[in-house]
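The structures considered in this document are given below.
Two complexes come next, and they have one chain in common, chain A, joined by chain B in the first and chain C in the second.
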Partner chain A sequence: MSMRSQGRRRGYLLFAALCIFTFVNLIPLLWAVLPSFKYPADAFTIPPTLIFEPTLEYHREVWFENDFFRYLINSLIVSAGTVLISVPCGTLAAYALSRIPRRNSGPILNVLFTIRMFPHMLLAIPFFVMGTFLNMIDSYPLLILALVAINQPFTIWLLHGFFLDIPRDLDEAAAIDGCNSWQAFRIVILPLARPGMTVAALFSLLMSYNEFLFALVLTGVETKTLPVAIASFGGEDISLWSISAAGAVGIMLPIVVIMLFLQRNLVSGLTAGAVKG
Partner chain B sequence: MAPVTIQNATKSFGGLTVLHGIDVEIADGEFVVLVGPSGCGKSTLLRLIAGLEDMSGGKIRIGDRDVTDLHPKDRDIALVFQSYALYPHMTVAENMGFSLRMRDVPKAEQDRKVQMAAQILDLSQLLDRYPRQLSGGQRQRVAMGRAIVRDPQVFLFDEPLSNLDAKLRVQMRAEIRELHKKLGATIVYVTHDQIEAMTMADKIVVMRGGHVEQMGTPLDLYDRPANVFVAGFIGSPAMNLLTGSIDAAGTAFVSQKGARIDFPAPVGVGTGRDVVLGLRPEDIAIAESGLDAKVRIVEPTGAELHVILDFHGETLTAVLHGRPDIREGEAIKIALPHQTLHFFDTQSGDRLVATR
Partner chain C sequence: MVRWQRGLWLFCLPSFGLLTIVLLWPLAYAIYLSFFDYYLGSDVRTFVGLGNYIDLLSETRLWNSMWTTIVIAFGSVALEFVVGFALALALYGNRIGTKAFSTLLFLPHIITPVVATLFLKWMLASNWGLVDATLLTIGIEPPDWLGNPLWAKISVILADAWIFTPLIMIVLYAALQGLNNSLLEAARIDGASNWRILRHVVIPALIPAIIFTISVRLMDVFRFFDTIYVLTGGGPGTATETVTMYTYQLGFRMLQVGKASALGVITLVIVAVLLLTINRMLTRIYRKGDQ
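Now for the complex of A and B:
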């Protein structure tokens, strides 16, 4: 009896701790959301006021007077392009790496890891120079290719783990059942890798959607993405804080919606990759 | 169904040679078991037959076709994996019908064959389930069903029972045996379990270190093991092996530790030479008068009694029937039947044949 009540008390404590943890994590979000509904006068008071007269004025201004939709579409084109190149290429590479002897795949994976660790800041300038040389600055393909390039090592690593968890026996069973290598991959292996591909797609999407540095350097008037655009909303004028905040909320919305839809896949995918079958 | 001929099969991984020129003839409809300790190359040999590994040398023929360089899908074989390797995203029916689907067999024909195999294996109720919803024994059956549906030239089994519990293993052993009878199929079956080998095989191939140690019927191997390794490997509990020598007269064996066994007549494997004497535990009997031994440990299994004896410094295992009343520490007398003693050369380990 006392055991049970003790267990229940532990449950309550854990719940309370998780509530606090979640709240702490949500503070930056609140910090962005609240000012977006405030007039500038309320927005920059310290400590922040929690009771104020709400307004949708700045959300309206962001969405309808600042080309927000255009930037959003740019962002979506770039993100979709990155995901559509990154995930298929990464899937093929990761599958191959998971099926060749480790002594061959190891060095390749290590090189990918090194590329992943390389500071992106140092890559931005060469990409800009290349882009200028090819006359591709301010074009979608340039930014997409740059993002695929910096994203690919992570995608391959992630998917490699998933493919390792799919037993080789299945490839062999498929071969004996009459599949050639491509059929075995497409009909047997690929459906099993779907959780992994979903996770890879989400990470690629987030990365490319949020990416700021390359977008700043490689885009221009035509292809400017949301993060770059929002950075230019604020500036030093304190009266524009509310607009910046509204922009931040606007950029979050599509991602929140996508995450809500894919939440289940994401969680099962993450654990499927981590725990050996 | 077809015979399988393996000629001088060699396999190396990098610098490591795991198969040293294996020759095996498998007759049409024969149930052949490849058996040996882990790392002996039995699974590798099976994978060569399946085409899952490239051969480093030699040839494999299935029926009248040389399949040495053929892709697995073109060899007309079926393989039951140790892990079963069922496709997790397909139902039982889809798993079983997959090979037919890949061969563009009409849907109606696929269904008919799947139904038939399901009936043979008692899977008809489970056709819509997914592998994760099945028990180990059921998965095992589906894996076999997948092979049966194919109606292949040769069935290959790679330790298919090792993931099942003891009771189910005995049951599946009988089922596979029955299946063999029903289908008349050529089967190559890999196991490390010599009891599985003894109970199922028409022919056993005992392997060690990438070599074939002996090939023959189960009773051949039991009665006339070709060398010390086979002698110790086949039979449970394992054969007692005593190192020693035959005396100058050829009528007694004296072990290194001084245990002496007198023969009524010369055994005909030479005189005054070093030998290994093999003695099956089930050939040892308690006698009124005989050799002195001391009971060290008694292990009742119910049907029989496993007794570990101290025989003048040597350890002997005996299997006794009829529940004799003996206790640990007791001194008893044992009789050894001289006609079932085995002799092996100490150096080569090869069987010595009596010349009488």
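Now for the complex of A and C:
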């Protein structure tokens, strides 16, 4: 009996500790979310006030008067382009790799995993040089191709895992019924792979939406994406704090939504190297 | 069936074609560039062989950046691992609201790294940042978090830890959930203390996940760019200039793309050696623990 109550007390302590840690860990986030809704008079009081008259003024200003809406469109074009190229190509390759003998697919998968570790800077330099030659700096295709390059190995890895879970018997049955490999894939496997492809698409979307290095060096005034815009916008300047906080919070929102969809698949995505490329 | 399988190689064509054009070719081009003295914008490029490499390796700035990378890498990965492992264990032992905790704890990792870093920058801003404001209110003179060479390094480590601890936490938590419960039960019935269970049952079972997270993180630190760029820009002076940051300065600020490529190749070699060493080392520890 006493052991059980001791266990229960330990449970409460653990719960309390988790509550405190989670709260402290989120303070930097709250410190940006709150002022983005505050008038200057409320923004700088210490300790921060929790009851105040909220305003959406800064959110309106940053999106519609500071061009952030255009940067959002840029971000969406680049992310969508990356996903539309990377996921279909990755799906085909991942399917094939899941069906050929392991002694053939193993080395390829290892190479792909090693490529994931490449320092991105080493890729950014030739892209920058070639982009300058081809006069493609500040154009969407160049950035999209660069993002595809860093995203493709991850997409193949993630989808390969999904395809392994689809029984081979299905393809074999289709082959016996006279399907060639394309028909078997198209008619039998693809419908089953849809959930996996959705997950891969969402992770790739996140990765390209969050990407900073390539966006920084390959874009300019025309194609600047949101991370580049906010990085040049919000620094130490206190007079710009509320407005850049509003921008930062707005950039964060869609990610939080996507994350709620991805929760169940978070670990498989992360081990394949999601989010941070 | 064999003929059928041969058809599968065609499925790889689009992807591998793409990878050749956007990944292998640029990488080969970068290696090629690393043998030239080439300032982007001038028409001349002179072949210098290993000149760029020799120049770089005899520079103090390179070795400083190397040292900074090592300090930041080991500092942040150690901190992330300890905190992340503790959190994973806490989530594993917790009964109520575990899903909500893991979601909330995961937020700093999944939001745009630039945005996450700005959040931290606003915490650390002199005078009006929450940390300074709080310390000043209770009468402590705060250090210059981002302007003092030592504190800037610490701030970068803390920022990296804030962003990447959740990754380690979630991977180790998943590994814990995959543990064989009957093994834990048996150890508990035998009267083993929690500490002994952790040391002799849990940790050995988690070794693959631990190897994975630590090696991925250590290699990531060599690509670590967003946070340092936004938080300190490599400063004050070159106090937080990592190898990646230095490559950026060389390539995109000074436009010495040949030399920058050479530095990129050096980084690649280091990362490869690191990968092999860590794996070999940890596998050996693992085997020893097994006996």
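In the analysis below, the second predicted complex is superposed on the first by the 208 of 277 C-alpha atoms of A that agree within 3 Å, B and C clash if a C-alpha of one lies under 4 Å from a C-alpha of the other, contacts with A are read in each partner's own complex, and residues count from 1 in each chain.
By our rule, contacts are C-beta pairs under 8 Å (C-beta built on N, C-alpha and C of every residue); 3 or more make two chains touch, one makes a residue touch a chain.
Keep in mind that what you see is a predicted model, and the values were worked out from it rather than measured.
**Q** Between chain B (first) and chain C (second), which, if any, makes contact with A:F64: first, second, both or neither?
**A** Neither chain B nor chain C is touched by A:F64.
**Q** Touch test for A:P191: chain B only (first), chain C only (second), both, or neither?
**A** Once the two structures are laid over each other on A, A:P191 reaches chain B alone.
**Q** Based on the superposed arrangement, let me know which partner A:F113 touches: chain B (first), chain C (second), both, or neither?
**A** Neither partner.
**Q** Of the partners chain B and chain C, which touch A:M252 in the superposed model: first, second, both, neither?
**A** second
**Q** Regarding the shared-chain residue A:A175, is it in contact with chain B (first), chain C (second), both, or neither?
**A** both
**Q** In the superposed model, which partner reaches more residues of chain A, chain B or chain C?
**A** Larger number of chain A residues touched: C.
**Q** Figure out whether A:Q183 sits in contact with chain B (first) or chain C (second), or with both, or with neither.
**A** So A:Q183 only meets chain B here.
**Q** Quick check on my understanding: which residues of chain A belong to both its chain B contact set and its chain C contact set?
**A** 172, 175, 180
**Q** Which of the residues in chain B end up touching chain A in this complex?
**A** 50-52, 71-73, 77-79, 81, 83, 85-89, 98-99, 102-103, 146, 150
**Q** Can you tell me which positions in chain C touch chain A when the two form their complex?
**A** 1, 4-5, 7-12, 14-16, 18-19, 21-23, 26-27, 29-30, 33, 40, 87, 90-91, 93-97, 99, 101, 103-116, 118-123, 125-126, 128, 130, 133-134, 137, 162, 167, 170-171, 174, 212, 216, 219-220, 222-223, 225-226, 229-230, 244, 247-248, 251-252, 257, 260-261, 264-265, 267-268, 271, 275
**Q** So in the complex, which bits of chain A are touching chain B?
**A** It comes out as residues 167, 169-170, 172-180, 183, 188, 191-192.
**Q** Where on chain A does chain C make contact in their complex?
**A** Counting only chain A, the residues touching chain C are 11, 14-15, 17-18, 21-22, 25-29, 31-32, 44, 46-48, 85, 88-90, 92-93, 95-97, 99-100, 114-115, 117-130, 132, 145-146, 148-149, 152-153, 156, 172, 175, 180-182, 185, 206, 209-210, 212-213, 216-217, 226-227, 230-231, 234-236, 238, 241, 244-245, 248, 251-252, 255-256, 259-260, 263, 266-267, 270-271, 273, 275-277.
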